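Chain lettering (A, B, C, D and E) follows the sequence in which the chains are written, and residue indices restart at 1 in each chain.
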Amino acid sequence: MQSIIVKDVSFSIKDKEIIKDISFELEEGEILAILGPNGVGKTTLLKIIAGLIKPTKGEVLIYKNPPEKSRKYLSYLPANANIDQYANVEDILLAMLYGKDRKFIVGNDDIKKIKNWYFKLLEKNYLKTSFNNLSSGEQRLVLLSGCFAREPKIILLDEPTAFLDITNQAKILRFIKEMALKMNITVIFTMHEIYYANIANKVLLMKNGKIKSYGKPSDVLKKDIIDDVYKIDVLEIPYDNKKIFFPSVF
Amino acid sequence: MQSIIVKDVSFSIKDKEIIKDISFELEEGEILAILGPNGVGKTTLLKIIAGLIKPTKGEVLIYKNPPEKSRKYLSYLPANANIDQYANVEDILLAMLYGKDRKFIVGNDDIKKIKNWYFKLLEKNYLKTSFNNLSSGEQRLVLLSGCFAREPKIILLDEPTAFLDITNQAKILRFIKEMALKMNITVIFTMHEIYYANIANKVLLMKNGKIKSYGKPSDVLKKDIIDDVYKIDVLEIPYDNKKIFFPSVF
Amino acid sequence: MKSINKILTVFLILLLPISFLLSLSIGPYSKVSIYQVIFFILGKNLPSTYIDILKYRLIRSLAALILGIGLSSSGLTLQYTLKNPLADPYLLGISSGAIFGVTIAMFFGYYSFYQLYIIALLSALLSLGFILLISTIFKSSSTTIIIAGISLSYLLNGITTIYMIRLGPKIPSILFWLFGSVAFTTLNTLEKSSILVIISLFFMFYYWKAINTLMLGEDVAKSLGVKVSYIRIVSVLFSSISTAALVAMAGPVGFIGLAAPWMARLIIGSNFGKALLMSLLTGSLLAIFSDILARLVIYPSEAPLTAITSIFGAPVLIYLTLKYKGRL
Amino acid sequence: MKSINKILTVFLILLLPISFLLSLSIGPYSKVSIYQVIFFILGKNLPSTYIDILKYRLIRSLAALILGIGLSSSGLTLQYTLKNPLADPYLLGISSGAIFGVTIAMFFGYYSFYQLYIIALLSALLSLGFILLISTIFKSSSTTIIIAGISLSYLLNGITTIYMIRLGPKIPSILFWLFGSVAFTTLNTLEKSSILVIISLFFMFYYWKAINTLMLGEDVAKSLGVKVSYIRIVSVLFSSISTAALVAMAGPVGFIGLAAPWMARLIIGSNFGKALLMSLLTGSLLAIFSDILARLVIYPSEAPLTAITSIFGAPVLIYLTLKYKGRL
Amino acid sequence: SLYNEMQKEINNLNSTILNLNNKTQITYNEKLSELANKIGSLENSINNFNSSVNTQILSLQQQINSLETQSQFPVTLIDATNTSVTITSYPERIVSLDPATTEILLSINATNQLVGVDNDSFYYLPPQYENELWKLYNEGKIINIGSTYSEPNIELILSAKPDLVIGTYQWSFSAVAQELKNYGIPTVLLPSYNSLSDLYNAIIMAGRSTGNIKNAVNLVESMSANISYFRYLINNISPQNVSYLLWINPTYVAGGNTFQNDMFILSGNNNVFSNISGWPIISPEELLQANPSIIIIDSNGGLINETTLISWLQSSIGNAYQNISAIKYNRVYTINGYYSDYLDEPGPMVIYGIKLLMMITHPSLFNLTTVPNNISPNTFPLNK
């Protein structure tokens, strides 16, 4: 069953075309990695799918509905969240349950749920701490645990691995994979670590606001394509029947 | 000549020890990479070196002065900057020149300087655009160009590669290396990409707020040490007489 | 919530009935005191003057209660939705609208209290209409709404001043509208205003979870299914209706709508629901105690309520601010 | 800066001398009009009464000029350093302090204008002292400073009100201190206040680059070598000194200190230095034109300046806000 | 034209008063005949019991008087806020809400009915009234219900158990009326005085509602007689351009549509600021332009005087101030002592105020050769 359909989506601000003619379809439980250089339009595309901005052309359907109607089934992690800095972690997580929690009251089950997810991702208990007293990585983990706690059918993650250490990166990626497989959740994430895109079922590589290549990771993640998109002579290191791509820094 | 001396630095908030007994010394033109898991105290250490917070014990000397007296020679990139969102890029870059620019007026040479660095890092001209209209990566690049434009003697970068695509990651790392070599600038950066730490002269690996290992990249970046610090069975892929470390995600 | 805060909360809850009892017992007419109140409660017969005084104090106390509840909840709601700690219920020109209407009405010879009550209410709602227009038509950000509101408020005050001068310095006739008081609230206006305040409060609680998500930033809130512009408009709407009803009833009593929400947030933290509940407590206590003091400080005259809320509330607020510095 | 803004800037710069000329030409003493002003400039001999009137209007226009400059620069500085678009020069209780002092002085029988000027100045500076104490001793954040300031301001207003009531029918003499006007500025008070305003302005410009870095957030600003707490205190200090001098000279003329900075920021953008320059222009134009209107709208009476700045300034501000919506 | 209007107004009033008198007369006669019967039978018993005749008659006379007044009740009247107020019986416990009302009540001899007055009545009335109030207060006959300048204290009003509350219409007072209505206390709001006819109306209304209509009518008659006399005096004189300053720097003047404006007209003068209503603030330039030939300053209890005026003018418009006729010809007068109350408090005492103004502005009418600049009860006696 198709969970997300993106049809001919374009978006422009004041004559500036930011993304153009993007179409793809995802089945339930599929993972899509959106890759592309800085400023190519990944975040914009994600926001359009989340229904935060309206495309100037085309449409997005989530389980056959426009995104505005599907938000109960949706979690979205922005790259830079604009959180009230004095709020404490528990309040933030409870607020992130909106629409999936008890109405009007804070239920014990809601608190249980957020605690459960919180402790899956973090070790130390910062639930009563101000959000701005956490380290960058901890902040990301808190927000990710909030996204998961919603038990959504669609998860949209803008650079979920940013600021995370390698252990946490692996943990998050494994969670994503697991949830997609076991609970049939559809996941879209953006990322700059090309190798990680291998956990996805499909990869969408963008160039200049358009789709450069779309397909299975093994089809898209090729040196020539990457060289073209990133305008770089990338290092390709085969490992475990996948490829690690690295820029040359030495 | 020693540019940075960190002596027995500890920092705690309300009895909570965040970092403990950290000491090291850097020569002019050296690059130090601070690594460690999330919440280990990397940002805290960097802020102490930048003089933004006072250590509860120990001291930091920058060219023999306390950090407060050395800020003219110092650039600092925070992990999450708290920039006035309606400010435009040019205003932000000019403001970042503070102390290194003309007093009281905005000199043409100042504008030239920031433009010069801006266009070294970014292609498109967003100088008159609001900062919050830029993509995450573009925002990081703008702030990095501001840090470089100060032409400092010390650069402290908190996760400079976060949100950057691989091309820009490489570009920034090469800039760092180049500036350290050619202009004798001392650089400290934090990062989660272990492989990139190889561009540094020294690596400081933290665990629980303390130094786990300190030395040349080749001495510190070893599987057993990393496994211990990150509590993970890391994948070690030798490449080009260095080692790439990856968490296993499959 | 730390245990110290739990104790504080319980203390404040207990303080409310005590304050109410005090409000019934204390007044310039010293023959009616706590004993008479107790006699009355015990069903003893009292002289009719005593009963009149008790009735008067009861209406007045209820007015203070509803005033405290209404203003602090409105202030809190605006502080959350406009994301500005300086937001108070009068920020967007609601009270200026009411006073404007009343001044013009007086200029054209309307003087009956009840007429003026209705005029104040309607003209306050008219200013609200302007703000809603700006908010919806121009799809405004919080800052735009704030600037438009504050400009409207200054504009109306300006015109009011000019008319006030032309009314001549029959100062007493305007003082009520500059200071505010619950001393003239009648059962009639209390009823009407209470209904509006309670309806507004109902909606604030009804939408509390949506308003609460605004702390996550607009994008995240939207992604959770919150219609951010709608919630902003609803918040402005109901906090202003409540404010309009209260201004019409008791004039522009100040400081409660600013201080009580802050007190609540400082004590209880950032969760909107909890802060809203707490603000009902801080607001009503501030209002009731201030009203008691208003009867006493410049005996035999009544002191203007705003003056007392300020003199009594400001030190409390400064103390809380410095104590819970970390929360700001 | 887009070219449309350049044109606007040039237009505003040209408007300033024109407004000044108008201010000299318009007034109730109709024998002195634009012709006499021109004759005077051309060096013709005029009757001494005419010259006296011109002198009076000159002092008044200069007072409006310095008022506009001082209030808008102070407002802008506070808006930047307290990071709140609602900050205005009176936010921290400076004018409340002045009025408090004046009321108490009147209560004890001091009525000489010059005495009151000095008292207003000193008591305004006293409130400033309190704010600085809070800011330095408690190492306060912007929000703490704002809450402390606003509480102080309410507290003082409250006490003032109580005393005002006790002054009874002598209220008219205080009304000036509630509304503000430049009609009663004398060369003596103008001189003293101007000096303080200009000194403050000098420091604002002296520190403009440091204040400007606050847009980068505290951490980055600090890392650049800006002593953030020091700059915050300096900003509060000088904007308040300037405000105190102006309140003592002309009473609490409102809206300019809030609206003129916004107008400047909307027109010119976020650079503090440019906005500060522009705010001098918007502030002085708003003040001078309002003062001219104040002489005319309820002729032959003087209208309170605040009423006119609001009626005249509010529509301009709302227009600019909607036009440059993206900047907010 | 204002003058003519006033005349008409006064005539109207006089006819109403006559009507009222007639009505009163009729009821009076009815009651009297009833009473006459009683007296007749009483006379018999006096003959029968030939003791303490005089005292009996005296007490009966008192009864007659009170019956006479009570026969006027219930009274229903439309007060200044267009509200119909019914006073069911002769009010014995009256609360006054402001000094102006208190002054009227005292001057129509409702003194013994008063049980409460506002705080300001104790401080802002001419001395004889103030003394009277303080005496009543010290004897515990009246209470202080608080200052009208903030809010009348409802609770204290209730505690005085009034059967009538009277004030001058101001909005917060209409709030008081609304409030007291809920406790069954009739509240009458008298017109506030922008003119003398308002004042007459107020006095009559106060008389009717308190059962002192006769005194009220007498008072109005004597006032209008005085006014007629003043009018006769000023018949042939040319009006002076006067300005009355209530405060200097900021300078408040009496404008048009104020009772002071009326007082100027009735004293044969012309208020230079009559074209703006109320009590406006003016600038020095304004004063120069208006150029009054006489300036009268309210000293506010000795706080300001001519020197204040001149130093204010000089500091702003320099020597140009010398062109103001009043200053040039030394016709600036400062009102001191309780004379201020005559000019500031709109009440029956305005008659003295008008006379005072006349004596200052047209001394020749009173055969005065000089007028001191400092006008006080000591320096410038009113009688003569």
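Criterion: a residue touches a chain if its C-beta (ideal position, glycine included) is under 8 Å from a C-beta of that chain, and two chains touch if they have at least 3 such contacts.
Here the structure is a predicted model, which is why all the values come from computation and not from measurement.
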Path length in steps (a step moves to a chain that is touched) from chain C to chain E: 1
Intersection of contact partners for chain A and chain E: C
Farthest chain (mean CA position) relative to chain D: A
Equivalent interface positions on chain C and chain D, same or different at half: same
Angle, in degrees to the nearest 5, of the Cα rotation that carries chain A onto chain B: 180
Most remote chain, CA-based centroid, reference being chain C: B
Euclidean distance of C-alpha centroids - chain B vs chain C, Å: 50
Length of the line joining the C-alpha centres of chain C and chain D, rounded to whole Å: 30
Centroid distance [mean C-alpha coordinates] between chain C and chain A, Å: 44
In chain E, residues with contacts to at least two other chains: 147, 149-150, 252, 255, 279-281
Residue numbers of chain D (touch at least two other chains): 165, 171-172, 175, 298, 301, 304, 328
Numbers and ranges of chain A residues touching at least 2 other chains: none
Interchain contacts (touch definition) - all pairs: A-B, A-C, B-D, C-D, C-E, D-E
Touching residues on chain C, where the partner in the complex is chain E: 27-29, 31, 49, 52-53, 55-57, 102, 106, 111-114, 116, 165-177, 179, 181, 183-184, 186-187, 295, 298-304
List of chain C residues in touch with chain D within their complex: 84-87, 91, 134, 138, 140-141, 143-144, 146-148, 150-152, 154-155, 157-159, 161-162, 165-166, 169, 171, 179, 254-255, 258-259, 262, 297-298, 301, 303-304, 306-311, 313-315, 317-318, 321-322, 325, 328
Touch list for chain C against partner chain A, complex: 205-206, 208-210, 212-213, 215-226, 269-271, 273, 326-328
In the complex with chain C, residue positions of chain E that touch it: 80-83, 98, 119, 143-156, 158-159, 161, 169-179, 182-183, 192, 252, 255, 257-258, 277-281
Residues of chain A defined as touching chain B within the complex: 36-39, 42-43, 79-80, 124, 134-139, 141, 158-159, 162-170, 173-174, 177, 192, 194-196, 198-199, 230-232, 234-235, 237, 239-240, 244-250
